Amino acid sequence: MMKFLKPILIASVFVLSCLGVAQAKEATSAFWPDDAQLVISISMQFEATAQDQSDPGPFPPQEVGYPDTISPSWYQYGMNEGIPRLLDLWDKHDIKVTSHMVGRAVELNPELAKEVVQRGHEASGHGQTWTPQYSMSEEQERQSYIKSANIIEKVTGQRPVGFNAFWMRHSKNTLKILKELGFIYHIDDLSRDEPSLTPVGSDDIVVVPYTFRNNDIVRYTGSTAMTGKAYLQELKDEFDVLYKEGKQRRRMMSISAHDRLAGTPARVKALDDFITYAKQHKGVKFMRKDDIAKWMLSLDNVPKNQPRTFTEDL
Amino acid sequence: MMKFLKPILIASVFVLSCLGVAQAKEATSAFWPDDAQLVISISMQFEATAQDQSDPGPFPPQEVGYPDTISPSWYQYGMNEGIPRLLDLWDKHDIKVTSHMVGRAVELNPELAKEVVQRGHEASGHGQTWTPQYSMSEEQERQSYIKSANIIEKVTGQRPVGFNAFWMRHSKNTLKILKELGFIYHIDDLSRDEPSLTPVGSDDIVVVPYTFRNNDIVRYTGSTAMTGKAYLQELKDEFDVLYKEGKQRRRMMSISAHDRLAGTPARVKALDDFITYAKQHKGVKFMRKDDIAKWMLSLDNVPKNQPRTFTEDL
Amino acid sequence: MMKFLKPILIASVFVLSCLGVAQAKEATSAFWPDDAQLVISISMQFEATAQDQSDPGPFPPQEVGYPDTISPSWYQYGMNEGIPRLLDLWDKHDIKVTSHMVGRAVELNPELAKEVVQRGHEASGHGQTWTPQYSMSEEQERQSYIKSANIIEKVTGQRPVGFNAFWMRHSKNTLKILKELGFIYHIDDLSRDEPSLTPVGSDDIVVVPYTFRNNDIVRYTGSTAMTGKAYLQELKDEFDVLYKEGKQRRRMMSISAHDRLAGTPARVKALDDFITYAKQHKGVKFMRKDDIAKWMLSLDNVPKNQPRTFTEDL
Amino acid sequence: MMKFLKPILIASVFVLSCLGVAQAKEATSAFWPDDAQLVISISMQFEATAQDQSDPGPFPPQEVGYPDTISPSWYQYGMNEGIPRLLDLWDKHDIKVTSHMVGRAVELNPELAKEVVQRGHEASGHGQTWTPQYSMSEEQERQSYIKSANIIEKVTGQRPVGFNAFWMRHSKNTLKILKELGFIYHIDDLSRDEPSLTPVGSDDIVVVPYTFRNNDIVRYTGSTAMTGKAYLQELKDEFDVLYKEGKQRRRMMSISAHDRLAGTPARVKALDDFITYAKQHKGVKFMRKDDIAKWMLSLDNVPKNQPRTFTEDL
């Protein structure tokens, strides 16, 4: 069984949150660049067209032995319409995001991948294919990350320093390999509303937390599907609380946008309205995850997680 | 595995979307008839009463060996109440729609099918029965389309030129057969918010895209069921974004309405309110899909898809 | 396969709906008593405490061999809180409803069953237990209806004349047995927004249609669960459309309320608000289903369904 | 089969609810302390980090033989962010809640558990682990409750007097063991909107009812997931009805808040807004469940349930 971080830090956090407003304001200079009260970081998945036949999207699986002509067209929308529409949205608001790029999707859509980086966004790692990482051998996993990073760098000119695993699940080797290969952060940890550090050997890797709440693939699909307007409201409600907390603690809001999901018109409108709402508040800063990771590595007040341990029977 | 269209066209589209408003306005004359800024095309499925016993609608499957007296009555509602109510709605707003007609349903409800065409709507192909097309032999598939087209023509006086497959899934022969038989478009491709052309032999077939978003069978049933008011809001939000994009590009909004689903009172109200909302905007045009296909065939600036390829093992 | 009613009547209905307002208004005297424009009929299921162990309500099925102490308490709420609260709601608005009573639940809760009838509501048949009727032998089915009717009459003083089957599914003998035993209507047909007649031998049985839309067990449970406020909005939207149609045709709105589901506070509020809304409209009449059935039997302009036929292989 | 309480008490309750307002107001002095019109009791589950690997939260189960690195991080959020945020919320409104503590989670998070009690909340029993109680042998069950109570007392300084079982399901020995060990109430009965007494041997145990409606684990997860705003509206609607009923009867509103679910920002906002709404009404009192149980034990007008009976074949 996993060993969890014992909540030693929490007690001190409570103390901090009991400080008066005056002290807290002084303290924020250590929370974020530009004395920001809340940082919002958006993930844009660049992965459609690389999907497996085993993931037919919203469609019932096709019978074995027959072609499936509709699922690929549904995914293709992500590249034809989704990414372009999202890129225009980020430009409209002058914000930069992190694009988690599946290597194979970059190969299949090189012009668009290049455009993402040319318009100022981060190219981050998201595996070479849609194959899970947790069941790879150590060497398979290493080669897969190298290949994917090489492709992304070759096509976009930018080598990824961050990582997002398939379904966020790591093997016992994942963090070690990532560190070896020069990655400085991963996003596959949902335990905090702020970045943290996880020890890997004698060093640390930054956790820039992903989200399972403000996540289009969770909120817009399957049994919990909601409308764009409802998602917008959830984003606003989450923002309100984190923004207020941001006066006393380092707080970060993570949002995810998958090409073929968040890139549809009504959902782009929801994101557009949310960003407009957030920007009306003083001290809100949109950041790429690589910039967040670098900021964290420059500080000495970042929460630290227990090293990961794995039981023998796994 | 399928080969996808490489996004060569996308880059040029980006260039276009960066043009100033002045140029763009001049360009719209090539987008749609009457210089329309956005075209909305509604699909009305005419298929209830032809359903298989294997599809009990919202009910749990009946135990084998016993009659199911309730599912057929639920479907029958589509012909008793749904289609008549929808026809009145289209008349109220003076719009014409495309009716995807299952041949067997036309046979069982000839007066109503005829009425659909007499009131100005398009009779389009939707298979002879609810049997999937993708698993038919080439000859079965051909005969099925011929039979269905003959029945529709005999009953309604109109021969279909468009096609919608069961669950949108084609066999490797579907496009070839459709072209042979004089069909000029199909709707079973979700990759764009505008029509496109797919090569078939030395010719093209028009894709007038269907929708899995603005689709009553997706939004009102199963695990993602929503209220009429919520669906209305989604339609408005989608409209707002596509309408704005329509100034610079050819944009089309597709909406689907199944007899027994969209034809219930609260859902007809949602469609009524949406159409009223859309019509308050200048340059919005409602079109039948056959008219859209013919317009596309007259132009030389329509996006072109890669020819479909199928791997040997399928 | 079932034979469906061919839509011969629909064409004439269309003609009717094209008549001017003047004629239509004169005609409404034949639609409903008191020249009502719309009739609303509410079903209140009285069935909790008679549930099978195989239906644990919203809980995961209990492992075989162990007691389930929580599901029965959830059902018991229907008798402790649900029915009393609903009865107070009907009284508040001075409306009478149809209570579909499971015989066993009447035996287990005699004082409450009696109270339902004493407060002016209809005791209608809903099976003796939660066992499906469609798989009973003819004699089992007959004896079950006799036993249930006897118990309801003995406890409440009223003999039921209407019927609602388990999951609305009939055997091939159901209608014949119901007629034999003096039942005049059933509700297990969803094909129209108005009552109709189904031939049984040389006579007819009235269909007073139930609803799968305005139905708490559909809308508040399982994968399509919604809030009370959302359900209220759906009811209002449905009302608006049927009320308007009611000027030209006979229109009826059916609503269902199960003891432990609709009887919770927030959902009673939704019903309360809906009834208040409906009553603000002129010509809205709330009726018990037995009164509706009797009114239909006195008229000669009621839509007639095809006789039911069953294929041999069932 | 279970034997259910025959509704003998219900008839008298009806009589009570027919009394005029004047008498009823005089009667309220016996309903709740301080003549409260409605009592609201909030449950805060303290259980994350003690979860089984067999419950991966919102994630698909991990393949056997591989580690699952993401689910534990999702649970860990409950201790890192959820409980601290909820504690701040209770303080903001100066209300005290009941914390159902899993023994193992207390062991793993001792500082936080202690803080819960130090800030004035009740430490109540919720099993030693996430193992079901219903399938334990009598002695296993007894030892499990003793161990859990000892740990909670040792860490927090408070010995629990209340109990909540896994999925609310009891063995046939549960009530007897709870009484033996000095527990005075359990919450695992959903049959009323007010406390009641269940005979155990020659004595009674208080039922302080839990909720499956105003329950974050029901409303925010699985197939019925809703937004924070929608949940807020449901809470308000439920409140309105119970508050009004509270003039004539003893009424209680139960709300549940699980660490990692209700403790997210948007959901804390929903609770915050609800509590603000409720407190705007005169005579609303927030109570811990142990205080409710003690009050009930001091009265002689509490509804009494039938003793539990179990059939032999279980």
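Letters A, B, C and D mark the chains as written, and numbering starts fresh at 1 in each.
Criterion: a residue touches a chain if its C-beta (ideal position, glycine included) is under 8 Å from a C-beta of that chain, and two chains touch if they have at least 3 such contacts.
By chain, UniProt protein names: A, B, C, D = Polysaccharide deacetylase family protein.
Since the model is a prediction, treat every value here as computed from it, not as a measurement.
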For chain C, the least number of touch steps when starting out from chain A: 2
How many steps does it take, at the fewest, to get from chain B to chain C if each step moves to a chain that touches the one before? 1
I want to confirm something about chain C and chain D. Since they are copies of the same sequence, is their interface symmetric in residue numbering (over half shared, so same) or not (under half, so different)? different
By how many degrees does chain A turn when fitted onto chain D using C-alpha atoms, rounded in steps of 5? 90
List the centre-to-centre spacing of chain A and chain B in whole Å, with centres computed as mean CA coordinates. 36
CA centre of chain B versus CA centre of chain D: separation in Å? 50
Could you list the positions in chain B whose residues touch two or more of the other chains? 223, 230
Can the chain contact pattern be summarised as a line, a ring, a star, a complete graph, or none of these (other)? ring
Every pair of chains that touch: which are they? A-B, A-D, B-C, C-D
Mind listing the chain C positions that touch chain B in their complex? 1-2, 4-8, 10-11, 13-14, 17, 134-135, 167-172, 174, 188-193, 212-213, 218, 223-224, 226, 230, 233-234, 237-242, 245, 308, 310, 314
Touching residues (chain side chain A, partner chain B) in the complex: 49, 53, 58-60, 62-63, 65-70, 72-74, 76-77, 79-81, 84-85, 88, 108-109, 111-112, 115, 222-223, 225, 227-230, 264-266, 268-270
